[in-house]
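In what follows, chain A forms one complex with chain B and a second complex with chain C.
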Partner chain A sequence: MIANLGFAAILIAFAAVIYAAVASLYGAKRGDPRWVESARNAMASTLPLILLACMLIVYLLLTNDFSVEYVWRVTSTEMPAYLKVTALWGGQAGSLLFWNLLLAGFTTAAMLRKWDDQRALMPYAILVGSITQIFFLGLVAFVENPFTPSAVIPPEGQGLNPLLRHPGMIIHPPMLYLGFTGFTIPYTFAMAALIKGRLDDGWIRTTRRWTLVAWLFLSLGLILGGRWAYDVLGWGGYWAWDPVENASFMPWLAGTAFLHSVMIQEKRNMFKVWNIVLVVLTYLLVVYGTFIVRSGVISSVHSFAQSAVGPLFFGFLGIMIVFSVYWLLRRHDQLATANHLQSFLSREAAFLLNNFVFMGVLFATFWGTNYPIISELFTGEKLTVGPPFYNKVNGPLFAALLLLMGVAPLTMWYRSSARRIGMALRWPALAALLLSVALFALGVDSWGALFGFWIVTFSLILTILEFSKGVRARMKRGESPWAAFSNLIGRDRRRYGGYWIHLGVLVMAFGIIGSYFFQQETQIRLQSGESAALGDFEMFFNGVRQFPGPDDLLIKEADLSVFDNGRPVGRVTPRTEFYTRTGQPMTIPGVRSTVGEDFYVIMVNWESATADAATFRIFLNPLINWVWAGGFIFILGTLIAAWPDPVDKKVTAATRARRPAAQPA
Partner chain B sequence: MYNDFPNRSDNCRRSPSATNVVPVPLLVQWLHSSCIFLLLAACAGALLLIAVPATAQEPVTDDDVNDVARDLYCPVCENTPLDACPTQACQDWRDEIRAQLSQGRSEHEIQQYFVDRYGVEVLAQPPFEGFNMLIWLLPILVVVLAAFLFWRYLGRLREGAPPTADEPKKDDTAMVAQGSAQQPPPAADEDDYVSRIEKEVRE
Partner chain C sequence: MAETTWTTDKGELLKPRSNRMKFVVGGVLIAAAIIFLVVNAMTGNTQLYKTVGEFYAEQSRLAGRDLRVSGWVIGDSIQFTQIDATTSRLEFDIVDDLQNPGQRLHIVAMNEPMPDLLQHEAQAMVEGRSGESGVFHANQGGLFLKCPTRYEEAAQPASS
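Coming up: the complex of A and B.
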């Protein structure tokens, strides 16, 4: 009964969104605002309908209604309530429904908020937005329906995939989905601008904050995903260039390139085509990323789901490529700019270079991710493209980006003098060099790491100098240091939020370089009472305790005392969790964390209570906490840049007053 | 990220010479010690070559096994390297590696053994041969080609630039109108935002 109601809600929403597409198109052709308004209302009505469907499925999950297949596939009776709720995105059909909810949320919010501002674009924005929604709702309604009744009602459910029971994994998918769906908003408005032929930067101003918010969530999703891998997957790292990681990293790359290049258009009115290309690319990569995750085309640890949605995604992707390219070509002439590049040594050239490198990373990642398919198609040979490929190809490109991150803010729009930039770079370069030499003298003998540390320090000094320059200028006017600092950021949050993000990236880079080049590890079998050493650390094995956990868990937990240079620093308790019903093991590391390094222990194997011996894998991950600290700074910076401000309205009003011609009648 | 450095356990952060602060003697010392190290390594290598049966008796540590397993992937647990994979199948593979190591086989021979049986899929990256050269060559080719086109495009954009085309401070007109017009315009290369901040504070 409830399942039927939920399915009905999905069907009505599907019908409504189709109506929205037709009505908006008709209204645009006829120039009749009533049809457009009706389309908007239909579009907005999908949100409560999808929300209702989501609430109903959550209700079914909470009440263990195993007459619905999705429910018993992802829950079991003993699961705690919060896990039953999060099981909404624990399987294929539920995640797609959840995807629809977020998409409808973003689209509706954008339509309602920007209704007065962008009335002229609206019919087409509704049209483009509803096309995406039609596809994803169609998937849920006809292919992956979460309300499908069970063929046989089982007495007990399978329970949520153990990997998904971790807090990190509970938050990680919604963040990624928010990022993914958020990026449909700039696409929607960019395409609307193309179709309408209104090619000023109106669509960019309209979607700027939306893009930043989408980017914020995608970044957060990526960082949380890394943390989850580190805490749960038990291999001592946080990023493995897994196809599904790449699937969410690629839209991020394109989106980041866009966030930079859009500034050229705002400032110089150049590269309009390129900006639309980037937005389109980001959107296509979002669909493609969802396709990779959901179709299992490149099977990987993350691809829990494999189903028939693959070909449909492929078809939709093809349609959207043709649709986007068609309108781009049609409006190509109108997007031409009269402005010219004044100098290679200018801010706009620096942004272009940034875009170039981002596209390089994107291409290499795309190529590596898809190469197994290509190889299988052409030679019939299955193969693996693992981290070595990505590290070798992307490593140098990342280095270039970090360098650019420090130097580019010194350039000026139009042109800047080489002498001036050279002067500004001299001392930071030398200071960073001193640090590298010092590290070398301390015994760091990896050239890659020394070079990496040089770049990071160099750019870090330059970024901090950017802040201090601004603060000093304000302080000269009699502001206190703190007031100067907060006013500096407050007055130009986009710029200084951006530099703050750069700081975060640089701190993360420190951690990545440290943990990449200097990770140490060893594996050893210990009898109870024996000890093992790695680096300055030593650990004593006190024994293993076995006890039942919540749900159907059986936990084996090792107890180890850790000594740093002979000084006791506490214990670590690596454990294996065994889900008896599904027979799935989890390896949870025991970690002793400090600013300098993580002492990270995994219990690989425990022989039995009688043998009282276990095998441990020990990692020493230097500087790894800098990755998380940098991630935190990064997110903070994004919040600074994206936080809505009350002044915003005033500014839009001002622009409107100044340029009445740009506004719709 | 998985670490693909084969010698990572050698990558100690503090070498024995860490206490030495003076750089020049340190360098000498470092060269010195690395020479000795090389010499020792060569001797060890020679010994290994002569006495292969002798090494067969030496116990194979878990670390030796992991060093080989790190760059192998079983066809079932895709994208999980063998050294980190908890499944029974991968455990069996590691036992196989251990057995082969104790017979004195090299890492390369063991890799080849798995490739022969299960295909190149087991390698962390495709070997640089035949069609698979593409995976390395194409990104390089594309980046070089794109760089060339990019450069030409920038050049074209620049060529057309009239001496001062759109350079007049369009964007500053609003501010100028707001009363700082008497301020001498900043030199072309003046820090635009420092002056902007100054203007702002004055308001």
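Coming up: the complex of A and C.
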């Protein structure tokens, strides 16, 4: 009964969104705002309907209704309630429904908030927005229906995949989905502007904050995904250039390029075509990324028919490419601009270079991810590339981006003086060189790492100088240091939020260079009472204890005392959690974490029957915590840049602007 | 804003055509550099990607070459042996089709922890090279098991 109600809600939402597409188009053709309003209302009605469907599936999950197939696939009676709720996105069908909810939420919010600003674009925005929603709702209505009844009602469910029971994994998918679905908003308005032929920067102003919000969530999703891999997957790393990781990284790259190049259009009214291309590309990569993750087409040498959604996604992607390219070509002439780049040493040239490098990373990542398909097409043999390929090609490109991050803010629009920039770079370059020399003297002998540390320190100094210049200028006007700092950021949040994000990336870069170049690992079997050493650390194995955990868990936990240069620094307790019903083990590392490094231990094997002996794999991950700290700074910066302006502030600013005229001093 | 003081209207009058050429050349150079990086990174870093059946069909040609093999894990064959304090051996068999297992490929991975996802019916991708007949030696860090985010739903209910 409840399942039928849920399915009915999906069907009605599907019908409503088709109506929205047709009515908006009809209203636009006839110039009749009543049809457009009706289309908007139909579009907005999908949100409560999809929300209802989601609530019903959550109800079924909470009540262990195994007569619905999705419910027994992702839950079991012993699972705690919060996990049952999150099981909504623990499987294909549920996560697609959840995806629809977020998409409808974004679309509805954008339509309602921007209705008065962008009335002329609205019919087309509704049309484009509803096309995406039609596809995704169609998938849950006809292909991956989460309300499908079970063929046989099992007495107990399978339970959520244990690897997905980690807090990072509970919030990681919603963050990625928010990022992915959020990017449909700039696409929707960009396409609406193209179709309508209104090619000023109205669509950019309308969607700027939406883009930042989508980008924020996508970044958060990527960082949390890395953290989850580090905490749960037990290989001591956080990024492996896996197709699934690349699938979410590629839209992020295109979106990041867009966030930079959009500033050239705002300031100089250039690169209009390029900006639309980037928005379209980001959207297509979102669809493509979803396709890779859900169809398993890349990861598997086996056929693509593993999942029914694969060919459908492929078809949808094709349609959206043709649709986008058609309108781009059709409006190409109107997007021409009279302005040109004048100097290599200008802000706009720096942004352009930034875009080139981002596109380079994107191209290399796309090429590597799709190489199995490309090579099979041209040579008949499937070839793959692994992490060495990505590190080799993207390493230098990331280095170029980090360098630009420091230097580009010193350039001016139109042109800048080479001498002035040179003067500004001299001391930071030297200071960074001193650090590298010092590191070399301390025994760091990897040239790649030394060069990497040089670039990061150089750009870090330059970025900090940007803040200090602004703060000093304000302090000269009599502001206290703290007021100067917060006013500096508060008055131009987009710019200084951006620099703050750069700071986060640079701190992350320290961590990435440290853990990439200097990770150490070893594997050893220890008997109770024996010890093993790695780097400055030594650990003593005190034994393993076995005890039952919550649910159906059986936990085996090793007890290790850790010494840093002979000084006791506490215990680590790597463990294996065994889900007895599904037979799924889960290895949880024990970590001694400091600012400088992580001493990371996993228990590989425990010989309970024979001796009190266990095998451990030990990793020493230098500077790894800088990755997470940098991620935190990064997200904070994005929040600074994206936070909505308070309404009263806007009013004060407006009054202040008027005041000099009204009251001449 | 400070930066606007540096802008100059004269700039607009500079010869745009020669400028354009300059940027086209610059762009081409950057594109060439990126393509060089990609080609350079490809050399020596590509692996053939084979199924178990394909591996056996071309065994002589593939002998000793670094490649990636993919197949489904037979649960009964998984074995972890601790040889001495610093050496361990992980072994398992993979096949192309679990319902109709034909030839099995025996995977051997030295000093490799047992991946959590290594269990019956899991999809494994193994990077390594073939040794003596029917044995495939995995490279260090060369075991990949299918990540749960791929939403595989091949399992059947316990009661059916």
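A few remarks follow.
Definition applied: the second predicted complex is superposed on the first by the 628 of 665 C-alpha atoms of A that agree within 3 Å, B and C clash if a C-alpha of one lies under 4 Å from a C-alpha of the other, contacts with A are read in each partner's own complex, and residues count from 1 in each chain.
Throughout what follows, a residue touches a chain if its C-beta (ideal position, glycine included) is under 8 Å from a C-beta of that chain, and two chains touch if they have at least 3 such contacts.
On a predicted model such as this, the values are computed, not experimentally measured, just so you know.
When both complexes are superposed on chain A, chain B and chain C clash. Look at A:92: by the touch rule set out above, it reaches chain C but stays clear of chain B. Contact with chain B, but none with chain C, is seen for A:518 once the two complexes are overlaid on the shared chain. Within the superposed three-chain model, A:437 lies in touch with chain B and out of touch with chain C [touch as defined at top]. Of the two partner chains placed by the overlay, only chain B lies in contact with A:488; chain C stays clear of it. In the superposed model, A:446 lies in contact with chain B only, and not with chain C. In the superposition on chain A, contact is made by A:344 with both chain B and chain C. By the touch criterion stated above, A:73 is placed in contact with chain C alone, chain B being left untouched.
Legend: residue contacts after superposition of the two complexes on their common chain; A:334 is shown touching neither chain B nor chain C.
By the touch criterion stated above, A:151 is placed in contact with chain C alone, chain B being left untouched. In the three-chain model built by superposing on chain A, chain B overlaps with chain C at stretch 112-120, while the rest of 94-102, 112-120 or 148-156 show no clash. Overlap of the chain B and chain C interfaces on chain A comprises residues 233-235, 242, 299-301, 340-344, 349, 352, 356, 360, 363-364, 367, 371, 375, 381-386, 388-389, 393, 412-417, 522-525, 585, 587, 604, 615, 617. Across the interface of their complex, chain A is touched by residues 1-5, 8-9, 11-15, 17-18, 20-21, 23, 26, 30, 61-63, 65-66, 71, 73, 75, 77-81, 83-84, 86, 119-126, 130-132, 134-136, 138-139, 142-143, 146-147, 150, 154, 157-158, 160-162, 165-167, 171, 188-189, 191-194, 197-198, 200-202 of chain B. Residues 72-73, 91-92, 95, 150-156, 158, 161-164, 173, 233-235, 242, 244, 293-294, 296, 299-302, 306-307, 340-344, 347, 349, 352-353, 356-357, 360, 363-364, 367, 371-372, 375, 381-386, 388-390, 392-393, 396-397, 412-417, 522-526, 583-587, 602, 604-605, 607, 613, 615, 617 of chain A are the ones touching chain C in the complex. Only residues 3-4, 6-8, 11-12, 14, 16, 19-20, 22-23, 26-27, 30-31, 34, 37-38, 40-42, 45-51, 68, 70, 80, 82, 84-86, 88, 96, 111, 113-114, 116-117, 119, 123, 125, 127, 141, 144, 146-153, 155, 157-160 of chain C touch chain A when the two sit together in their complex. Within the complex, the chain A residues that touch chain B are 233-243, 267-268, 299-301, 338-344, 349, 352, 356, 359-360, 363-364, 367-368, 371, 375, 378-379, 381-389, 391, 393, 412-417, 420, 437, 441-446, 469-470, 473-474, 476-477, 479, 488, 491-492, 495, 512, 515-525, 535, 585, 587, 604, 615, 617, 622.
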